[in-house]
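This report concerns only the one structure given below.
As written, the chain order gives the labels A, B, C and D, with residue 1 at the start of each chain.
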Amino acid sequence: MITLTHYLVLSALLFTIGLAGIMTRRNVILILLCVELMFNAANLAFVAFAKSLGDPSGQVIVFFVITVAAAEVTVGLAIAILMARRLSTLNADEVSLLKW
Amino acid sequence: MVTGFPVALAAWTLLLAPLAAAAGIPLLGLHRKRLSASLAIGGLLVPFACACWLLLHTLQGSLHLPLEVKVSWLLLPDLAIPFGVLIDPLSLLMSLIVTGVGSAIFIYSTGYMAHDSGYSRYFTMLSLFAFSMLTIVLANNWLELFIGWELVGFCSYALIGHWFEKPQAADAGKKAFLVNRVADFGFMLGILALWAHSSPLAAERTLNYQLLQTRLPSLLQSGWLSHETLVLTGLLIFCGVLGKSAQMPLHVWLPDAMEGPTPVSALIHAATMVAAGVYMLCRNFWLFQGAPAVLETIAWVGGATAFFSAALAVVEPDLKRILAYSTLSQLGYMVMAVGLGGHVAGMYHLTTHAFFKALLFLAAGSVIHGTRRQNIRELGGLRRSMPWTSATFFIGALALCGFPALSGFFSKDEILVLAHEHNALLYWIGSVTAGLTAFYATRAWCVAFLGQAPEHLHAHESPPVMLIPLVLLSVLSIVGGYLGIPAFLGEPAGAFHWDVAATSLAAIATGAGLAWLIYRRKAIAAEAIARRCAWLHRLLVNRYFFDDVYTWYVEQVQQRLIAGACALFERFIIIGLAVNGLAWLTQLAGRAIRRVQTGRVQGYVLGFCCGIIALLYLAGRF
Amino acid sequence: MNWPTVAVELALCAGVLGLLLTDALLGPAKKQAIWKLALAGVLVLGGVLWWQRPWIGQSFQPMAAGQAMFVLDPFAWTFKWLFLLTMLVVILMTRVFTRQAGANIGEFYLLLYSALLGMLVLASVHDLLLLFIGLELLTFSLYVMAAYLKTDARSIEAGLKYLILGSVSSGFLVYGISLLYGTVGATDFATLRDAFATGQMPLLAKAGMLLVLAGLGFKVAAVPFHLWVPDVYEGAPTPVVALLSVGSKMAGIVVLLRLLYSVFWPVQAMWGGILAVLSAATMLYGNLAAIPQTNIKRLLGYSSIGHAGYLLMGLSTASWFGAQAVGYYLLAYLFSNLAAFFVVVTASQAVGGDRLEDYDGLSRRSPLLAATLFVGLLSLAGVPPLAGFVGKLLVLLATVESGRLWLVAIGAVNVAISLYYYLQVVRRMYLRPAVGTQPLVVDPLTRAALIALIGGILLVGIVQEPFLRALSSAIRF
Amino acid sequence: MPTVVPVLAVLLLAPALGAVLLCAVPASRADWARRIAVAATSVSLALAVWIVFDYDRATGGYQYEVLIPWVRPLGIGFHLGVDGMSAVLVLLHALCSFTGVLISYAIKERVKEYYIFYLLLITGVFGVFTSLDLFFFYFFYEMAVIPMYPLIGIWGSDVKEHGVVRFSKEYAAMKLTIYLTAGAVLALTGLLWLYVSSGAGTFDVVALQHHLSAFPLDARRQAMIFPLLAVGFGVIAPLWPFHSWSPIGHAAAPSAVSMLHAGVLMKLGSYAIIRLAMGLLPDGAVMWLPWVAALCTMNIIYGGLVAMAQKDLKLIIGYSSSSHMGYVLLGIAALTPLALDGAVLLMFAHGLMTALAFALVGHVYDETHTRYLPELGGLGKSLPFIATCGVIAAMASSSLPGFGNFVAELLVILGSWDRYPLQAILAVLGIVITSVYMLRMVRGTFFGTLPQTFTHAQDAQTFFARLPYLVLVAVLLLVGCWPRPLIRLIDVSARPFISTFAHPEAIRMATTTSSQPR
């Protein structure tokens, strides 16, 4: 029997993986992918909650979140392109002109 | 009988006319020399006339003394300080001296200072001085006395430093003021103590002489004013006298004060201001009477000053400084007299001293004016070139020595008699001092006025405007002993003591004779004596090292050690460590904190996660 | 359906479309003037907002049944004015900037409009989902605008950092929303408030609340969610930074006010304590780190962190007076910070940089610019008779009333610290010899705007009662 | 006493209006700027003089009140009013600012900006002395502090030793501003705490006082709030050891600013301690004032000794000010009517004296370009007028009779004799120390031989140039020679003020009985 708790644990794991990925991966594209993971973890939670509550609005929210995430990635990719062009790198670590 | 308005007017005019002159001179134009002088002289002659008028009526019996007029200067529920004029025989006598001798000196000054660039400033300060001195004299309470006391100190400062471009003059003025300030520290505390103990009720405290005098017995009886407090208060108040009347060990400023113009020395540093201390002691004799310990201290200080200063005059080559040491010595006599319980004798000597010492100073001024020199070794034979000056100086010197029938003889005799009765040791000190006095006076006379004039000395007699005051003062110096001053003060002179007179005459004769032998006959070489008593000579030439010790204290201890240490503490501990240190720490914190901002985005994400954890932790706490 | 309540937002959507079309139709030569259109649009929006008065207090319900997602209460209406005012000034600022940015100007105003839409929505938001969407709308526009100078490495870096950190914070926010949804079963504020009315909160909901707070903390730049601020402020185009520092922060505070003072009101003991700690950390961090700064934008970035601390301090009181103080503080902050940034925009074009050295002797070259920056900075420092003083005073007073004297002490210390670095700028402008001799020309419109901002600062600083009354009637849920 | 014209409002707003007008004057017209400043301060001066004469001594209390409700929800009102004590201080400030504006004619560059800041400073100080509302009190207080920064930073001068900069004007300006602001926010914390604890819901000083006399604050709470106010305001007073901003600030400031700064600004602190700290927290005051009395002795003696070791003229006067403010604080701490009268009168007299001294040093500096004592000398020859005033200032400072300082210090000493005999004795000693450094300064500056380099130095020659000095000297002398009217004016308010204080013994008994278990 797969209960709500299972889903939530999975979602938390996904979220943590995403977060860990953001902190460890240098490549901007990978970082964006990890962000996507975080959002999907939230989506999973929404869906699971919606299912367990029997309330459809949670599932509706997921659509919104997906859209937002897509937009997020779009902007992110655009900036990645600018980076590649102007700074000739996609390594997030190397971008640290601004500090202190 | 005169009463009411005319008397009040006379009293107020007596006090305020010089102030009006002092205010008028700068207001009406400092560049108008004649006007300044006329204002100043007028501003002193008018009070002199008032004083004479009051005296006349007193002697006629148509004026009842003491009389008091006053306005309230400070008026609060718990503090009422009047500003008043108290006229009794004592203050009347003193104001006559101040205005009379003062007028002579003012007139003399017009000649002496004729070509000075600070002419009007000089007369402004003289007038202000006259006012301040009269404030001391006529005060009816301690605070008013103190006000005058401080103001004469200021005038003395300004007049000593009249030629402020001369570093010595500027330093001397400063020294005079500061030494007096140190003394006034005690004086002020004494007055405060007196005020605090003048009544058990805060609202009824007073500084009025008459009130205090009447209250004193009951205060002592009730124990509110203990005997110890009275002694302490008396000693503190006497501190003021140490400064103003230049008693040892605070006498050091007076010889230096000779840097000022000579009329100033005559008026302030011989006749009037330095005598203020003695006057104050006499005026408040009732206070000291109750504390014999204080009187004894006073007597000893006076005796010591009389003797030791006279000894200094013996080796001094500067004419004015000789007179200054002489003044110290004579002041010592007066103080001793008061200490021995003879305030009338003290006042008597004060009066005659005012005459002859002013005379001596003015004569010395005339010499300086005529020769531009004041070292007696560079002078000589003035008897011929400056006959009037010499004659008057001679009269003054005789009076100073206590030559029989001259004023100084009578007054000094009074004091010696007193000492003879009360304290044998002081009596002998006084007699020896009389001998020393005769010695240095003769020395000055012989070296400066007799003998051959040195080369390049172009002496000329002074103008009449300077000579007339000299003559007037000579007359007073001669007749000062016959005016019945002690009787006027309410204590007729005692019987004539032949033994005392004989002793002192012997001392005078010895002193004068020795000086004559050494300096006129050259029978004994002065250098030889100096060589024989080298240590003594060194001690005297260096003025007992008082100045050296004080200079060392002021420059090394006070300025460099104490003030310097405070300045260092300020600079390095308070500013450097505490304030700048705190600022530095804050900046350091800023510089440390900005390092958190590494510029790496993944580090920021990590920070964000830490924040979440911190939030969770805090949520658990609250 | 209550359409008039969303009239401003609809009008703004129309405006976005209009700008889009105009941008496409206008020739490159005329595009420079597009700011006028944008400005006019904001004025029209102001008119619409004024027209909306009769509908204040009503809400917009997308479905016949269910709770309102969008309300036009006095609170929302009042703050919408402030957002419009901010946008007005920012558009005026952009005039100089667009000359530098080059061809693609129209898009910039498009983005400004969409950011404004986000802010307006946030003022009225009454549902967690809408909150998320409004926030993202605002943030996305800012991501793009931050990286708008495509050839400038710093601008790109700012955009990247803002994007990554913003996404992470959105991730937390949306995860937090999911947890709240999961425990209550709804996302609208009314239901949520009723669910927590007892003061009891399930563990998951608590976690959700904290995650939402973190997401909003990111917007208002509360330590430790502030790390993006200095870098983005330094790198992004200055008008964008002005919008970030005023509009975006204000949006965050507005949402926080609504959430904390209605939805999470019953658990105020918890968030009050948390916010007090955050506030102390934020003030100290921002003000201390600002001391050694040498770039004016970065300095203002740290300073804005410091101000976030004061705002949080007001929120932490959990009292209505504290909320009004926060409102007043925002008002003062709006004028003062916009004045400061306006000068930075104008001056940096002329003096050629954002380093503090570039401001040497500014008062000799342009008295007005220097005076405006002087007044703005001193107002930020909290000096009477300027607006910031009243804001600080009210916040401190509210905190004293709440009994957290330690927090007051830290706030007071920070006044002195912040004055130090603001005066460093003043020192440059007034005490140092000028770097160049030629006077800076300030065009009349900018001049008028600057004077108006000074006037606003003085007005808010001296005449407090009307503003305070307006705030006290607006801030209630 | 109803008047048609709100005198205090006009007095307060005249300089502010001047500042606003100045903004409109073109920067090139320095002469207009000066005239506007003179006009603005003249109006204030005339009104201040009028108030001092017209103040009804029979009724006492606050007069010429203006009360406009300002922020009603918080109980803030624009409440102006003066009693005897503040009337005297208003006059002091009016005199100092008027003469300061005249002295500022020596300023030649950026004249317009200078006068704007200067007039703002003047407004702030007037505001503090006339405000009867905590909010506006603080409002004007802080407003008076900030203009000091540009005034010192732009028009000031570095402090040099042998030609080497010891500290720069920028450092001095920053230190002063931050230090005073830190003090001010400390005091603000105290004021807000007081406002909240009182529960009266009003910032109005008078109303608050009424409320607190009916429902006194718990003595322990008072004891906690009082030090905040005393130290916060004490910083500007300046209470030892928080004084270090002041000599440095004075030394670096242009002379007209030093005049206001030492002459008036320092008095803000002591005035605030009287009016707010003591007026609103009487029990706290009784508990803490012995500490103030102890610290102010350090002011007097230590400040004097440090002044003795200084070589920069302005530093000497600066430390002297901090030393003399010790007398003011002692007079306040003594809690007797006599001492408080003396303290307020000393604020007045010392303000004028120190303004005079700074104006003189400013002239000397303008003529010789140095303030370093070893480099000066003999200026009495080329600057006779300035030298005369210099001697007068030195004498006033060493409390020579005839100057207000003497009467004031005398009252302080008499008044504190019973409660703090040791402090009173040290205060007398302080007078000696003062004369030491003052005479040293006069000797080094004006007396002795005149160095060749200074022979060209110009005296203040025209009547207009001499006017500020003459005004200050005249008032000092007037108050010193005839102090009765002014002291009466002070006493009218000071005596009832002091009478509200419980005797320390009574307080001690009250606290011991309340702490005992019933």
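Couple of notes before you dig in:
Definition applied: contacts are C-beta pairs under 8 Å (C-beta built on N, C-alpha and C of every residue); 3 or more make two chains touch, one makes a residue touch a chain.
Predicted model only: the values in this text are computed from it and were never measured.
Between C-D and B-D, more C-beta contact pairs join the chains of B-D. If you average the Cα atoms of chain A and of chain D, the two centres end up 64 Å apart. Between the CA-based centres of chain C and chain D the separation comes to 42 Å, rounded to the whole angstrom. Centre-to-centre spacing of chain B and chain D amounts to 36 Å, using the average Cα coordinate of each chain. Measuring from the averaged C-alpha position of chain B to that of chain C gives a distance of 77 Å. Within chain A, contacts with two or more other chains are made by residues 19, 22, 92, 95-99.
In chain B, 594, 597, 599, 601, 605 are the positions where the chain touches two or more neighbouring chains simultaneously.
Contact with two or more other chains is made by residues 160-161, 164, 168, 230-231, 420 of chain C. Listed by label, the pairs of touching chains are A-B, A-C, B-C, B-D, C-D.
Put simply, chain B touches chain D in their complex at residues 72-79, 143, 146-148, 150-151, 154, 157-158, 161, 164-165, 167, 170-171, 173-174, 177-178, 181-182, 184-185, 188-189, 192, 195-196, 202, 558-559, 562-564, 566-567, 570, 574-575, 578-579, 583. Contact residues on chain D toward chain B in their complex (touch as defined above): 175, 178-179, 241, 244-245, 248, 302, 305-306, 308-310, 337-338, 341, 378, 380-381, 391, 395, 398, 400-402, 406-407, 410-411, 413-414, 417-418, 424-425, 428-429, 431-432, 435-436, 439-440, 443, 446-450, 482-484, 487-488, 491, 495. Contact residues of chain B toward chain C in the complex are 586-587, 589-591, 593-594, 596-597, 599, 601, 603-605, 607-608, 610-612, 614-616, 618-619, 621-622.
For chain C in complex with chain D, the residues that touch the partner chain are 363, 367, 378, 383-385, 389, 393, 396-397, 400-401, 405, 408-409, 412-413, 415-416, 419-420, 423, 426-427, 430-431, 464-465, 468-469, 472. Of all the residues in chain C, the ones that touch chain B in their complex are 160-161, 164-165, 168-169, 172, 206-207, 210-211, 213-214, 217-218, 223-225, 227-228, 230-231, 269-270, 272-274, 277, 285, 288-293, 417, 420.
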